[in-house]
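Take a look at the structures listed below.
Look at the two complexes coming up: chain A is in both, with chain B in one and chain C in the other.
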Partner chain A sequence: MLVHSRRARRAVHAAFLALFLPVFALPFLVVLAASLATRWSGVLPAGATLEHYRAATDADALDALTTSLLTALAASAAALVTGTWAALAAKGSRARRVIDLLFMLPVAVPSVVIGLSLLVAFSKPPLLLNGTPTIVVLAHAVLVTSFAHQAVSAALDRLDPAYEQAAASLGASPLRVLLRVRLPLLLPSLSAAAGLCFALSMGELSATIMLYPPDWAPLPVKIFAATDRGALFSGAALAVVLMATTFLALLAVSRIRTRAVHR
Partner chain B sequence: MNTGIRFDGVSVAYGGNIVLDALDLTVEPGEVMALLGPSGSGKTTALRAVAGFVQPVAGRVFIGDRDVTDLPPHRRGVGMVVQQYALFPHMRVDANVAFGLKARGVHGAHGARKAPRDEIAARVTEALEMTGMSAYARRYPRELSGGQQQRVAIARALAVRPGVLLLDEPLSALDAQLRSGMLAELARLHRDLPDVSMLYVTHDQIEALTLADRIALMDRARLQDCGTPQDLYRRPRTEFTASFVGNANLLPVTVTGDGVRLAGAVLDVPAAGAAAPGDPATLCVRPHAIGLGEGPNALRGTVTEVQWRGATHRLCVDVAGHRVTADVRELHETSSLGTEVTLHFAARDAVVLPATAAPVGPGGGAAHG
Partner chain C sequence: MASGVRLPLVRVAVPARPRRIPAWVLALPPVAALGVVFLHPLALVLWQSVSPDGGGHSFSAYGEVFAQAAFRDALRNTVLIAAGSTAGSLLLGFALALVIAFVPFPGGKAIGRFIDVFLSFPSFLITLALLFVYGTAGIANGLWTGATGAAAGPFDFLHTPWGVLLAEITYFTPFVMRPLLGAFAQIDPAQLDVAASLGARAPRIVRQVILPEALPSLAAGGSLVLVMCLNEFGIVLFTGAKEVTTLPVLVYGKAILDGDYAGACVVAVVNIALSLALYGLYRTLTHRIDGAHRART
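On to the complex of A and B.
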């Protein structure tokens, strides 16, 4: 702790809450309240019902949730593999700058543009992916790979080369060094990157909405559709389901991470 | 399995900057060679050239009679121990020690047809016993002290039974007491493993003197001198050697017919080989070889400093403007500052060296008095 006196510490905490609550927590609390509400009273939701949750957990909604989960899983897995691969390849390579720049592009380009470009690129045979789940997964993967790449790149730069060298001098081939030493040492960063990719993909809307086929509509699309037709409370319930699921998934990932760190 | 190391004109450069300049050096099978020198002199670089982590721009490196210059590190079959241990933090001690055995695909030793797993377990146990770490096999590295981690690192390197062991300042992260204990232990290890050649990088002359069969002295990317510790200590050939291996008084003298002259005093120390009368030279006398009182080769001067060091007194005496350091047995009456004293030394304890342009002060690079 940087602050030692008890009173000063309390003041710091109070200031933190005063800033944190309105910015981060209030929107979340309003959504939570709306998901349980029956009507609006002024700017705040009022009344109490679980009715919206019945709708938010019906077959249709659960389908969307499954779609979201599968998309996020596939996209983060693809992003993690690609990002890690690229980071490993870029390490110590002369093309490092170019590769880093390339992987930054999807962040710099608006996701709507990514969606559009995929639509344009994959709408004609032989690359006809338009109207398939694959194109949604692909879009998500493209969007989150930069984060995976950046996280792994940074972790690789911090990794002490003494470990790899010790392993090599003990007779380990580069592949064995990678599998037994470098990747295990990168595990905390890899799992952090996985969590980030997963969360980003779970919430992605702008590219998804341009690409999703009718049988592969992730949850954010449903939320958007609900609010679009004025069903704010149902939309809120769906949003709470989305948040809770994402949160639980992140919790699971962070448990893997703490285990990896504290081993 | 007798494997030495041979550097054959090995040069290493970083970005055009030569940091190892045409090193010629042979470590005989079973020999402990200390690579001693000031910071930045290229010791680690020489070691890394053997391990394969740096590619020489010229010259060849041999391990045994195998030219390994173009081999990747994992094919060189050397053991390596570095200053910061580099134990794998995600593996327990036994897994760390087993790592090299698994990587190399251990064969049953001496044709014994043991299952590889049993063989690995046996070798891990053996290596941990050798370093006294058996009780810690199931711990993680971060649960060990620095000294224990270093033992594990040594066990890990030795488990694969390398013919060559490279050590880069393995004790420098330990405190002084632990260091001298580990030093004795390394010496014992080497007695137990007489076939293993060791290249031991250090900038600590005590470690080098204690452990090494021979010392290679490096300075500014070059090998300056190489010889047994006794040789380098008793018969140094250069001022750098004299000042870096042990403490030394280095005094500017002039060569005369059958001795040298130091500011008027004629000393009966024969100058080496080619020196002609009138040539400048440097007289090297160890502080402990100098006695107090009258005797042969007397030097008169005034005391400028007295340090009590337990068993000895260190006197610093100004002799005609030159500072002479003498370690004399504990004095009963301490000479006070400014007293006139006479010092003497035996001719066989002194060496006359060719003078160099920039004389090195007494005790240069020597932190241990």
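On to the complex of A and C.
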């Protein structure tokens, strides 16, 4: 306890809320309120309507949502497999520092540049991917692999080696140890990593805007298009749909995690 | 005839140890995948930046881009906004984390979890929200015009660097708070009580007990945020500010809007160099913290 007097403590808490609420809670509330309004020129929005949500669930917007979901699922799966594999192979290897460094690099490179580099690399044969959904998925996978790798690496370091040693001493082959001991023990961290990858991919805009084909425009691109043409309120409704979907996915993943921990 | 009992000799079949595949072979597939979709394309960007359209190789594209006022403006903007946002996030993050950890109140734990959710939302949502708060027709200006009867409110900074700065501080503060809360959890509360019983007041305890303990996490969080600010794109794009150009926005503009790939590659290389240098610093700092941490425990 840093502050002992009750009055001082109250003052500190008041200052905390005065800083925290406008900065962190307000953005979400504002976007939510705006998505339900037709105009906002006072303290509170005016003209309550569900019109923006009707627009946010029309065929076009649902298409964008499906695109986002499919991209996020594919990218997270690819990132999880690659990141986990690399983390498992790096563990106990002499090349560990190099592998860790390589897999952390995409965090340091601007997402826009990752988009540009994929455009430069895959716009000509033999790998002509420009204009296909694959290039969007690849960009997202590159961007989120670092997070998967880092999460699994950290979890592997915390893992008690006694279990795998016991299994191996009882004659289990390395593959069997991996499938029956290590991966099940890693399941909680794997699902946490999956949730993070999924959420990051759902909100990815910088690399996507560099290379999305017209028939594969994820939700963030649609939100930008809406606000760019001045349709702020429908943009807000789309943003609420995006946040809600991401939040539900995170919630589902955390339920899987709780079950995995309890088992 | 006890000695007559002979124990049967048990033969235990020792399983032949399976031949293990060398570790580097196992590491090959993921590293190769990363090479194809990340390292090789990045190398191509570097290559393209020194290969002008006319053929041959030269640094002429660099000379051209460096001579443009737009590039110099973007470079200055990027560095200034990133430095300012990092400083702001550090200050705000330190203050908020301090209250959550050491002046606890009901609901503080929930705020810690809220931060985790906050981290996974896209950055452009912040700019979108700020448009409703400080935009030409937003809460702040609405309050002002309602109170004074003026035709327009005084808040018109969203399209300036200050708007970007405010959005980035809002978005990146949680990235500072998370490692800080971890570091604060390691501090033994008894240490604070001892300092207090020896007569130290709260500011002095913060300065002499808490701050030294938190310095490594502050440094690590700060450099991570600095790198992320240098690379931030969504926030700047959503402000729709024509006069605020940063390096990532310039890359986008040159490549997508102007179709000038060589120029975009040059700007990209400069941006990568800047970010990688700072990221190297970040890794050095975190490694040292890890080392210090292991040495202590």
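Going forward, the second predicted complex is superposed on the first by the 240 of 263 C-alpha atoms of A that agree within 3 Å, B and C clash if a C-alpha of one lies under 4 Å from a C-alpha of the other, contacts with A are read in each partner's own complex, and residues count from 1 in each chain.
Throughout what follows, contacts are C-beta pairs under 8 Å (C-beta built on N, C-alpha and C of every residue); 3 or more make two chains touch, one makes a residue touch a chain.
Not measured: the values here are computed from a predicted model.
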item	value
Chain B versus chain C as contact partner of A:Ala79, first or second or both or neither	neither
First (chain B), second (chain C), both or neither touched by A:Leu69	neither
Contacts of A:Ala217 with chain B and chain C, given as first, second, both or neither	neither
First (chain B), second (chain C), both or neither touched by A:Leu19	second
Partner contacting more residues of chain A (chain B vs chain C)	C
Chain B versus chain C as contact partner of A:Val113, first or second or both or neither	second
Partner chain(s) touched by A:Leu36 [first = chain B, second = chain C, both, neither]	neither
First (chain B), second (chain C), both or neither touched by A:Val142	second
Partner chain in contact with A:Ser173 - chain B first, chain C second, else both or neither	both
Contacts on chain A seen with chain B and repeated with chain C across the two complexes	171, 173-174
Complex contacts: residues of chain A adjacent to chain C	1-4, 8-9, 12-13, 15-16, 19-20, 23-24, 26-28, 30-31, 33-34, 39-43, 45, 82-83, 85-86, 88-90, 92-95, 99, 101-114, 116-122, 138, 141-142, 145, 171, 173-174, 195-196, 199-200, 202-206, 209-210, 220, 223-224, 227-228, 232, 235-236, 239, 242-243, 246-247, 250
Parts of chain B lying in touch with chain A, wherever the complex brings them together	51-53, 72-80, 82, 84, 86-90, 99-100, 103-104, 140, 156-157, 160, 166
In the complex, chain C residues that touch chain A	15, 18, 20, 23-24, 26-27, 29-31, 33-34, 37-42, 44-45, 48, 92, 95-96, 98-100, 102-105, 111, 114, 117-118, 120-126, 128-133, 135, 137-139, 141-143, 145-146, 169-170, 173-174, 189, 192-193, 196, 202, 205-206, 227, 230-231, 233-234, 237-238, 240, 247-248, 251-252, 255-256, 261, 264-265, 268, 271-272, 275-276, 278-279, 283
Chain B-touching residues of chain A, taken from the complex the two chains share	160, 162-163, 165-174, 176-177, 180-181, 184-185, 187, 260, 263
